[in-house]
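The same subunit A turns up in both complexes below, where it pairs with subunit B and then with subunit C.
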Partner chain A sequence: MNTTIKNRVGDQTTSFSTDSRRGFLRGMFVSVAAASVLAPIKLKADDAAILEEAEWGVKLGYPTNKHPYGIPSPYEHNNVRRVTELLSSGDMYASVAMSPLHEQEGIITPNGLFFNRSHGGTAVVDPDKYRLMIHGLVEKPLVLTLAQLKRYPSESRIHFIECPANGSTGWRGPQFNNLQFMKGMMSSAEWTGVKLSVVLADLGLKPKAKWMLAEGSDNSEMGRTIPIEKVLDDAMLVWGQNGEALRPDQGYPVRLLVPGWEGNLNVKWLKRLEFGEEPWHAKEETSKYTMLQPSGKGIRFFWPMEVNSIITSPCPEKPWTDLKKGDMVEIQGLAWSGQGTIKAVDLSLDGGKNWQEISLKGLILPKSWTRFSYMMKWEGKPLLLSSRAIDDAGNVQPTINQEVAKVGVESVYHRNSICTWEVKANGEVNNVHVRG
Partner chain B sequence: MNTTIKNRVGDQTTSFSTDSRRGFLRGMFVSVAAASVLAPIKLKADDAAILEEAEWGVKLGYPTNKHPYGIPSPYEHNNVRRVTELLSSGDMYASVAMSPLHEQEGIITPNGLFFNRSHGGTAVVDPDKYRLMIHGLVEKPLVLTLAQLKRYPSESRIHFIECPANGSTGWRGPQFNNLQFMKGMMSSAEWTGVKLSVVLADLGLKPKAKWMLAEGSDNSEMGRTIPIEKVLDDAMLVWGQNGEALRPDQGYPVRLLVPGWEGNLNVKWLKRLEFGEEPWHAKEETSKYTMLQPSGKGIRFFWPMEVNSIITSPCPEKPWTDLKKGDMVEIQGLAWSGQGTIKAVDLSLDGGKNWQEISLKGLILPKSWTRFSYMMKWEGKPLLLSSRAIDDAGNVQPTINQEVAKVGVESVYHRNSICTWEVKANGEVNNVHVRG
Partner chain C sequence: MFMSEVKIPVIGTLLALSIAVSSAMAGDKIQKNVDGALIYPIKNNSYQGYAVNPQKTNGFNHGRAPTTAEIKAWDIDVMPDGTGLPEGKGSVEQGDELYTAQCAMCHGDFGMGGKGYPTLSGGEGTLKNQLVNPEAGDEPPSRTIGSYWPYASTLYWYVQSAMPFPNPKSLTNDETYALVAYMLSINEIQIDGEDLDDDYVLDRAKFLKIKMPNEDGFYPEVNGDVGSKEMSKYLNNADNFGQGTRCMKDCGDTPIVKIAYELNDFHPTPSTAKGLPKEKEGEEISEAQKIYEATCSACHANAAIGAPVVGDKEAWDTLLKEKGIEEIYKNGIDGINAMPPKGGNMDLSDEKTKIVIDYMIQAK
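Showing the complex of A and B:
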């Protein structure tokens, strides 16, 4: 078993030297300080919003204790998770609610907008009745209450979770003309819990233990098998998400966190961890979550999410239709890799013919969303905007043709090929396939 | 004017060399891997939670699309912000809703639990009617719509915001026997917006501009004056909080962010920025938010929040009453400084007689909450738990006596002296004053 996974299109890694490109490309960055970002703004003499006192300036707001647990502005009512019948059981118990990435700022997803995939609906677990069994090849098998689990020393780490089906609607062509349904099966949070290596040092892992089974307590009895190297490397039992208890749709009170690996491995409403010598071949890792290859064979136990990126602004939901020729505008987006830390992001304005390395911004953390940014002047001419991410393990995001040549189009999962937005002269943005 | 503010009890900084202490104290850390964290757990043979299938294991959960904007578990209904009549107008329009720090994990506060101080209730601003005026000593004064403001290149940064009145209930003695009302006037988030230095490079700041007035659009017309050095250093106009739009109670759609400085400077529902040669002496910086000294004089324009810390576990709301003698337990808490980055935290088990440096954990960022942690064996003996933070500017958290000698007890604001929890033999925890 090899848990050090290379990018499937690894031959790309020899095509350039990142370091020499950095120097060459530095001169191409547009300096924000040097360019006027805003075009001259003409004030309308009759702009009521300027001339008249707003209602909220003359009347009291609502009392400070009205919402003990706060809620978003009513004007943000469209910023919600959305499901599609295409990817749901009719009753929406087995479904995926996708995160509105076009409204996502920074690298933390608010808990209310964290994508939610469940196989049998959202379980509402009573924390007083919650028990976690840890057994199999450990010296001290036991059953823990939630309070006992929380006695272990905690850690907090920022990681994304991505469903391996993220982007799956695009294998044969653009199926949805928006960002939310194309890439919204992922989100990011600051997770709090205990590393499994700490728990296992306490319980005593037997040398023969090579695999861990994680099983959920919900009706779908989600089960996944994970190699012991990954368990001991960075897997965690988490109870906190962005400063509060996990939400029910994220596995309250306890889920497994397997940083960078398939979302379904991060088992929710965790009931049981068993340690053994062989993998379990659980239902969800045989009937589902396998990769069908062109040869007709399916690959099992293909866990880490590949290096990937997507431009979040502009996107079909955030077009440039309000921009005028000559306006400065920021192109930005998210890059991530389940196999390391983002090292660089390249941008193409012409669908992948020419690339330039652009800036990363904000925190750059392993197995975490990383923001990229490029300031440009919009000349009102059509563009084909593509981003390409590179991680510190040397993985490079492949073109569609490279990915298809390698894995065909029958695999629902692990699509990480380069995405392209067509920007029309009128500023409209469409999801297109540029095969590269 | 001097914007490089030293800790008020700066003479403490000479009392030790941090580097030499680190080596000396390293041996005192309890190794988690070496000690058994959990006492032997005896399973009850009749534990129904183990023997019987839980209801959520045999029935479907709720549909995935039930809450397009997610909500917490119903079992977490007590984890909310709370107000007290002591610090509110009777109608709760001018009040402060305090954050439940005893339930806080990590260094991100979920938006629903972010503390909320307002002077005239929570304004609900229509983003389409929102305008921001920037005028005074700038070359290109203008009025921006929200969309125009968002065209500037954005940044995301993690910072706490703390009301200068945080801890004010403790000047003369412990007024509340809990953490939430003692230190809950602060929270932390990942903020997204544009640096004011970028906006001002675009608009052209005139050399004579030495001060900025920030004014809110709500009925209280909150106004504060900020020196230009701080404005150009790291102040931001922010529209995003933890990945989504600001909540109304945090100033939707735009607030000022002044990292590390008094919470009230982070003006919400921002309407106007004016640049001038002299400070404005606005209502809230003359009638309020001044520091009354023992001499009878009040200090104005005292902006940065001091180095500070608090133990969040245990605390009066999270006692050790369920622990047994010999159990391992984690002491943890939050340290922060508006004047730099946390460099070290010391822990005392005996109310400040003896101190030892303990571990910091997780991300350590400037002007940001930093977690500290210490694993210990609970012997069932009374303790006086105190934490003391040191920042990289050399500021050391003072004792109560040191603070009172310097500033008296008449100042409502900027209390940062060392806090102490009394842990009783039965595990109960109380807020006590140990003057040091």
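Showing the complex of A and C:
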């Protein structure tokens, strides 16, 4: 076979007779090109990435049947979830894998990067043996197979799910110098399933039913109590995540979705819903997911995730060290509220002394991540970048002092105070706390 | 259903909130749910921008009723009033034995923790602690079964359905009673004024008398007729847990706290580099190969030593025919002539040595 490789530098065309020699000869071109970089002015700014044929352009790519289930580019190998023993209860089975928010675009997390918190490992449920039982104070108790559940009319909604312990290492002061571990206990997806109110309209709730127990079928049989008001408003039984079946890490084949509420309440590998008159007081709503106050008393049943925001670019992982003075640059980030829809985001360049309302961008949906954006000229002067979110339910993201004054530093959960990045003159970014 | 209806003018009195709510909602009554979240109505077949199919969505006939046996099999939760608590009994002493055999390796002796897994005892009197400054000697609160858990029902239910961690749902009712008795005893909890000594036998009737020390340590009230009402009041007022203000100019000083103790035990190591990782060397290498390389290859890769050379099929085949595998194992373990026992590495078990020998025989 005859192969032609064009050397664009010399505008010459050279032909080689065999494929097998190509590697060797291409090696020669590289050295030629490298040598010419050292030679006079003309070639100095020429970019080898343009002047030389790209390696992927002179051979066949991989065939369409190589990856029946597509995978990311091998060059994206660092875009992965990460763990730390600090946030585990002994081992990686009762632990959390943090989502790489610094690499995420838009308001949807790719399924493989969705944060994963479990209390007894990820269960791998056989869909043919899957059963959902609904019983207790309902007129018509029910057992459904997966196929039967999917016969209900479905809806798709974009919602974030956030663990209420997200940001919890910051109660006493800044401790992590990266976005992934500061805020990576959240992710977002388009979920598909049936509204619980639709299923319940058929089963008939008994008037005394005030609470619902949702229980998982995994090792930990994680269960939580949910008030009927939420069940009938927007709770869903979901089986779809970004257009495909839920991932095992997110509860395959069925999880409960309680939009905007503590991640833990979105029970995975869902097995049983029981309706009753009293709350159950499961382990995850007594021992954990309660907020100890300075009074020594704990707040329980704190369901919603409060209004919150974080600047995702720049961040410690994605600094401005490559910028030159005078470059235009976008500051962007995520705002969200479990109590409504993002209404506005304010930005401060001086750590919260002065604020300005900035732009939202993209879809603005209830209980969903919402992107914000601000263009500025980088002058190489130190900045303190803070964002403050406001939702349509009337909540304003508090300062650290405002929050700590109310709940102390031992709440563990539900920390939503304003975050600040220190941008240094050289473009480096660090996590700092403003305690003004 | 309890939902608070709030009219705009009421909210508007709060400076910070008026900005947030006025535009889209002007004139509308906003309805908030138990959690303080807005309830969005479906209007013109649209839910906040999502189109909604307006056709009737009931009248389905999917699934079937569960049988009594099925409900019994799955409905094993235990509620604070004792609903769901089965009959059974077990002593503190039996619980101690079970605990030592099945739990102590993770939760520590007497539930004292120290192994990274949750601590199951102690912590009385620490709930008001606020660890603000470790250098000033501040101590954190310790939230354990004894100091924090409001109900013993949770303990029975959780242990029977989720513990022991690697082998859950394996404890009988009697064993669970015994373990609960033991865990209460290490927390010095009394039942009906009685200490839980070794021979104390916990059964259903006694269980129902347990009052956990921190039963009243939580708010808002959610039990009984109160239901979600108190919770709703609490969550509908962000002042309870930290409401911000929308100050825009000269909002005060901004002293900065930097990271004092950076936590950075992350796996995999953080990086945003795009370059392809180097072929991971040695990833495919089996343990046998590693041991061979560390201990045996010094002699067995080198014909000069007089040891059968790894990769020399003929040499090993001849040995196998002459002596048989058992004899070869034995010589490898006990040594023969210049071949030291286990190649000189006495830390190797006989089993491991055999595996390494297998590797050496098969290696190409």
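In this text, the second predicted complex is superposed on the first by the 388 of 436 C-alpha atoms of A that agree within 3 Å, B and C clash if a C-alpha of one lies under 4 Å from a C-alpha of the other, contacts with A are read in each partner's own complex, and residues count from 1 in each chain.
Note that in this section a residue touches a chain if its C-beta (ideal position, glycine included) is under 8 Å from a C-beta of that chain, and two chains touch if they have at least 3 such contacts.
Keep in mind that this is a model prediction, so the values were computed, not measured.
Contacts of A:S373 after superposition on the shared chain: subunit B is touched, whereas subunit C is not. Contact with subunit C, but none with subunit B, is seen for A:D233 once the two complexes are overlaid on the shared chain.
Shared-chain residue A:R247: touches subunit B; no touch with subunit C.
With both structures placed on the common chain, the touch criterion links A:Q397 to subunit C but leaves subunit B unconnected. When the two complexes are overlaid on their common chain A, residue A:G106 makes contact with subunit B while staying clear of subunit C.
Look at A:Y130: by the touch rule set out above, it reaches subunit B but stays clear of subunit C. In the superposition on chain A, A:L360 makes contact with neither subunit B nor subunit C. Residue contacts after overlaying the shared chain place A:L146 against neither subunit B nor subunit C.
The residues of subunit A shared by its contacts with subunit B and with subunit C are 74-76, 80, 82-83, 88, 91, 93-94, 103, 120, 133, 140, 142-144, 148, 151-153, 155-157, 198, 201-202, 219, 221, 271, 363.
On the side of subunit B, the complex with subunit A involves touching residues 32-33, 36-38, 40-41, 43, 47-50, 54, 56-76, 79-83, 88, 91-97, 103-114, 116-118, 120-131, 133, 140, 142-144, 147-148, 151-158, 188, 190-192, 198, 201-202, 217-219, 221, 239-249, 252-253, 269, 271, 322, 327-330, 332, 361-363, 371, 373, 375. Across the complex, subunit A is touched by residues 1-3, 11, 14, 16-17, 19-21, 24-25, 30, 32-40, 48-50, 52-53, 57-60, 62-66, 70-71, 74-75, 77, 79-81, 106, 115-118, 127-132, 140-141, 143, 145, 148-151, 153-154, 157-158, 161-162, 165, 168-169, 217-220, 222-224, 227-228, 231-232, 234-235, 238-268, 270-277 of subunit C.
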